[in-house]
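Alright, structures below, take your time with them.
Next come two complexes built around subunit A: one with subunit B, the other with subunit C.
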Partner chain A sequence: MLHIKIPTRREVIEKAKAEGKKIAAVYPIHYPRELFRAFNIQPIEVWGPPKTDTKKANAHLQSYICSVVQSGLAFYLEGGINVADIIVVPHSCDSLQGLGSIYKDFIKPKQELITIYLPREKNRENVEFLSKELKRIYKQLAEFTHFEPDREKLLEEIKKEEEIDVLVAKFYKSRENLPLSSREFYTILRAREYLPVELFKNILNYALLHSSSGKLKKTGIVISGLLPEPMEILDVIDEMDGFVALDDMACCMRRVYGEGSADDPFERMAERIVNSTPDPTKGSSVDERADFLKSLIDISGAKGVVFYNVKFCEPEYFYHPLLKDKLNESGIKSIVIETDINEPISQQTITRIKAFIEMLKEESRWA
Partner chain B sequence: MGLKENIKYLFSYKLIGESLIKLNTKKSYKNFKPPKNWRTDILAPPLKTGVFTKEIITRHYLEGRYVNGVKPVAWVTSGAPIEILKALGFYILYPENHGALCGARKVALEISEEAEKRGYSIDICSYARTDIGSTLSKKTPVGRLPKPDLLLCCTNICQTVLYWYRVLAEYYKVPLIVIDTPFVYDEAREHDIEYVKKQLEASIEVSERVAGKSLSFSKLKEVVRLSKMAAELWLEIMNANKNKPAPISVFDQFIHMAPIVEKRGDSETVDFYSKMLDEINDRIKNGIGAVKNERKRVLWDNLPIWYKLKFLSEFLAENGVSVVASTYTNAWGELAPMMDIERPIESMARTYIYPILNRGTGHKLKTMETMVKEFELDGAILHSDRSCKPYSVGQMDQRIKLLNELGVAALLLEADHSDPRAFADEQVISRLKAFVEMMD
Partner chain C sequence: METVKSIGIDAGSTTLKIVGVNEEGKILFTIVEDADPKVEEQTESILNKLKENYDIESSKIVATGYGSNLIKADKKITEITCHAKGIYEHFKSGGTAVDIGGQDNKVILISKGGKVIDFIMNDKCASGTGRFLENTAWRLKIPTEKMAELALNSDGEVKISSTCAVFAESEVISHLSRGEKLEHVIKGLHRAMVKRITSMIYAIGFNPPLMLSGGVAKNKAVVKMLEEELGEKPLIPENPQIMGAFGAALLGLSK
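Let's look at the complex of A and B:
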């Protein structure tokens, strides 16, 4: 257990406002943080938030839309996003596409609305397309802020994010050597969703100072899905003497981007996103995803995979049966757990996770 | 191409199957009469040219049984740019149309359950579940579906197809072409069109490789010409419903749209729709309405509820309600003017980025508002289709706007296009009754 004081979203927003920064409320998943930072805009991501009363969203969204979008909209309707100057909706899935469209055509928020279209496969043409898309967004931001950061400023912010990505990778690598519960580990990691770069870097560096040579003697799990909410799932895993060794989650690992190679800032930002790890919302192939999960297991020595799926999330649903088969063929056990980020984790889910970890422990004993 | 397959194809399909089907059509056309259980008291008889719809689709699926090894086979999404494949001689199968057929024949549930048993969630699109279920179990009401040699997935209808086709690519181990079409919140930007165009160009090489021949641009132009002609005729058929009474209902359109989806780019599709248009014009001349006592005219938004077409059509007709316009059937006609025969690839890039499902919720509202005015409508039924999120998100706001700003009755009807488990009979009846009352 480390005693790290992480500022809250509210504190970060107040400080940013006091410093004259603008705030961008950003919906999931991929976007270039560096582009916004170059405009002196503080991105604050809106992943739900969980445990929101979604009644207000019911006037706009049917009940078969996932809880991430439901609470994301309810949060706006309750005034939770009032402090923001900009709303960003990346095109991650049909439901977020719908949310962006409802904002634009019906809700018409006072904030500047920015949508981002993200291409799918990893190739040159897609980098080219995305860099044009980012130039378009640059223009929109320049008009809105009356400010035009130059190439150097953009590259400076890109470099900072690239450094953070390297640091995050190191943080993951040290997972077993850190005296952190799974909840603490992910609370630190997910602070990137709203912290300024420097602050987040300091926190990671501080945590890494406590890395020791002693390894956690627990059963490692890889968790896959959109986000680890409700976070109680992490406590359940820890209670069973397990821990999350690595993840394949949209809010975390899937957004640890590699270094770009282009000198042009837009191309470089595009490269980073286009070449990111396999991701169902990008329609990655089943094999790519299975290989990625297997590599996470190999690197971390984890014993199994928990697919933690938000109910009604189609991008994730389609892959589960085939991924489970492919993992199974490699002797890796997995389980699919369904969740609603606004509901407490059910007793049945707790029992299933416990039984799963128990089974993994049992198998390792005999291995 | 295998000799054995060729002989089987020629014998079973060309020589026997096709001739028998054609003969049957001739007979049905000559001795045409409505089916026994047709409600002639409230509905006009079905279109006589409808016998050709049956023929075209029956022949299409029969050909599918024998086509592997004879022609290259592509499975494609419903809004996909098929012109290149057509010009290369592919046999084209639309899993969504097969899903619709399964829905209409009331076997979609049984087939979807095969996918659900394998772990596919009940919360994914029921077309996808039906298709995956059919892939896994080989169950289909059409005898047998041909195996694909190529998959073509275009995201201009939804993102769901992207994940669905990844699953198919895994089962069939064949190349997958993805044509990704940026969502159009307002207007498509030049870099969006360029992006689609480049993908179309890149798709030629893969398609040629699978087809084992080179694309002839004159053939492509011919396919685009036929595709455009058929879509224009389809648009005319739909616009004929501006007449009062409307000569055909949207329920008829749901049935007769199969060729415009499935056989776009064929000359017989053009012939078929021009015959159908003639029959419809005759109806107009003779004052025949699809609903005998047309008192109210309404719009249908979203996919059909395939397993309840008869029930809905009769229930509404009993109440003098004719469903005369639909955003769904309109989608296969409205883009026809954008196709440019002389610039096939460029115009395909522009056309295929603009289907209603790839455009914002405000655009759909505008389309509905235009329909309300042009078709002189009294109400709108918005099918809230739990399977189809891209079509359904936004309907709650659209409904309120139609109600408050245009003053037409608007109903949100919760169901699913193929999965009957999402259809609550009593609830639907009481909501429809209230809707009819609202219009009176």
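Let's look at the complex of A and C:
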């Protein structure tokens, strides 16, 4: 176990404000952190937050909107985003697109509202499309901040993020050698959602210093979905002598982008997002996603996949039966667990996860 | 005094089941009681009484079920693994095991060798569980055991569209107030429950034979309707309620 002090979102916001930075409250999933940092803006991501009382948002949204979006709106209506100067809503799914429209047409927040139109497939046209979109956002930010970072500044921030992505990949690769529980591992990883880049880099480097040659003798699991909330799932997995070996989660692995190749900063940022790992919100094919999950299993030696799905997250739902079949064909067990980020994990869910790990262990014993 | 090698305790939501086995896995005793809210005290009291007739000093204790966390045991294993083990050892067959309990249902695919291949459980909802029938029985002031008889002897059937235990209860009342015959409504209620279970079976992929466990397997109307829906006669143990506890006891024998 490592004792790492990670500042809270509140502490980061207070410090950033004291340093004269602007704050951007950013909804899931994909956006170029580097573009905001180049404007001296601190992005603070809003993944819910979990355990929010959503009664105020319920009046504005259909009951079948996922709890991440319900909480995201409720958090604003409760004043949780008052501290932000900018609100960023990427059009990741129909619900987030709807949230963007609610802000624009009805709420009309005092903050600067930025929407990001994200393309789907990996191709040259989409890199060009997103590149233009990022130029549009650059102009909007320049008008708002009265500051225009030059090409060098943009490239400098892009390189920083690229370095962090390499470091995060190393952190994942060292998972089995790190004296961290699954919850500690993901608490560190998810600190990227709000920490300044240098601070996050220091924390990762510190954790990696404690990497040892001894590997965890536990049953590895790949977890797939939006985010590991409620985080109790991680404790249940560890309690069963399992651990999360790798993930395919929107808040984590799906946003570990590769290095861009273009010299133009906008094109480079666009390349990174467009060419990211398969993602249901980007319309990746079932085969692409299945192959990616299989590769995670191969790399990590994990024994099965837990689809930890936020209830009503449609992009994720469409894939489950097909992915389950594809994984089955390759002898990989999987289970779909439905969650609500505002509710505690149910006993039924705990039983299912435990039974799934028991099944995987039995499978390994027979193998 | 016979030596009990392993004791399986299935602390379910409605009943507590305890099974003791000898070294060969032969059942020495079975106990089924309504679950007390203080299940740990209830279990302790039962174990103390057992000491009068059995040597349980060195017995391995394996707990399963929702109350298992409260019970002092050498091992805690999930209901899925325990039911699969119990059913497989009882029938000596792989296939589809369906446990219909008081508050949850489990459908478990078991391999020819007795491994759990896959499983599915109902979510935070009493749809298709024993509680679904119990609620209405209580509301209509009919003993639960009489419900199956009424359904089996009914010459008609009313469609109950709701699979929610609470909404189905309201639907039953509204059918009765419109003058529908009680037995037609009760049969419809059984059908709604069976359809819910059948959809879970198809969701995971039905692989015969169909093997039932859990208290609801004693309900002959449910059994008959499952056969009608699936076209497969279910296999039912003499005492379907104890399969989880039996499996837990057997798992206590393995190293």
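Just so we're on the same page, the second predicted complex is superposed on the first by the 367 of 367 C-alpha atoms of A that agree within 3 Å, B and C clash if a C-alpha of one lies under 4 Å from a C-alpha of the other, contacts with A are read in each partner's own complex, and residues count from 1 in each chain.
In the analysis below, a residue touches a chain if its C-beta (ideal position, glycine included) is under 8 Å from a C-beta of that chain, and two chains touch if they have at least 3 such contacts.
Remember, predicted model here, so these are calculated numbers, not experimental data.
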Which superposed partner A:212 touches (first subunit B, second subunit C, both, neither): neither
Which superposed partner A:283 touches (first subunit B, second subunit C, both, neither): first
Partner chain in contact with A:119 - subunit B first, subunit C second, else both or neither: first
Contacts of A:8 with subunit B and subunit C, given as first, second, both or neither: neither
Contacts of A:355 with subunit B and subunit C, given as first, second, both or neither: second
Comparing the two partners subunit B and subunit C, which touches a greater set of residues in subunit A: B
Which superposed partner A:363 touches (first subunit B, second subunit C, both, neither): second
First (subunit B), second (subunit C), both or neither touched by A:101: first
Subunit B/subunit C common contact set on subunit A: none
Residues of subunit B that touch subunit A when the two form their complex: 118-121, 123-125, 128, 155, 158-160, 162-164, 166-167, 169-170, 178, 180, 182-183, 185, 189, 191-192, 194-195, 198-199, 202, 360-362, 365, 384, 386, 389-390, 392-397, 401, 414
Residue ranges of subunit A touching subunit B (in the complex, touch as defined): 59-62, 64-65, 91, 93-95, 97-102, 104-106, 115, 117, 119-121, 125, 129, 132-133, 136, 280-281, 283-287, 311-312, 314-315, 317-322, 324, 336
Subunit A-touching residues of subunit C, taken from the complex the two chains share: 66, 77-81, 104, 113, 115-116, 118-119, 121-124
Subunit A residues touching subunit C - in the complex, by the definition given at the top: 333, 338, 346-348, 351-352, 354-355, 358-359, 362-363, 366
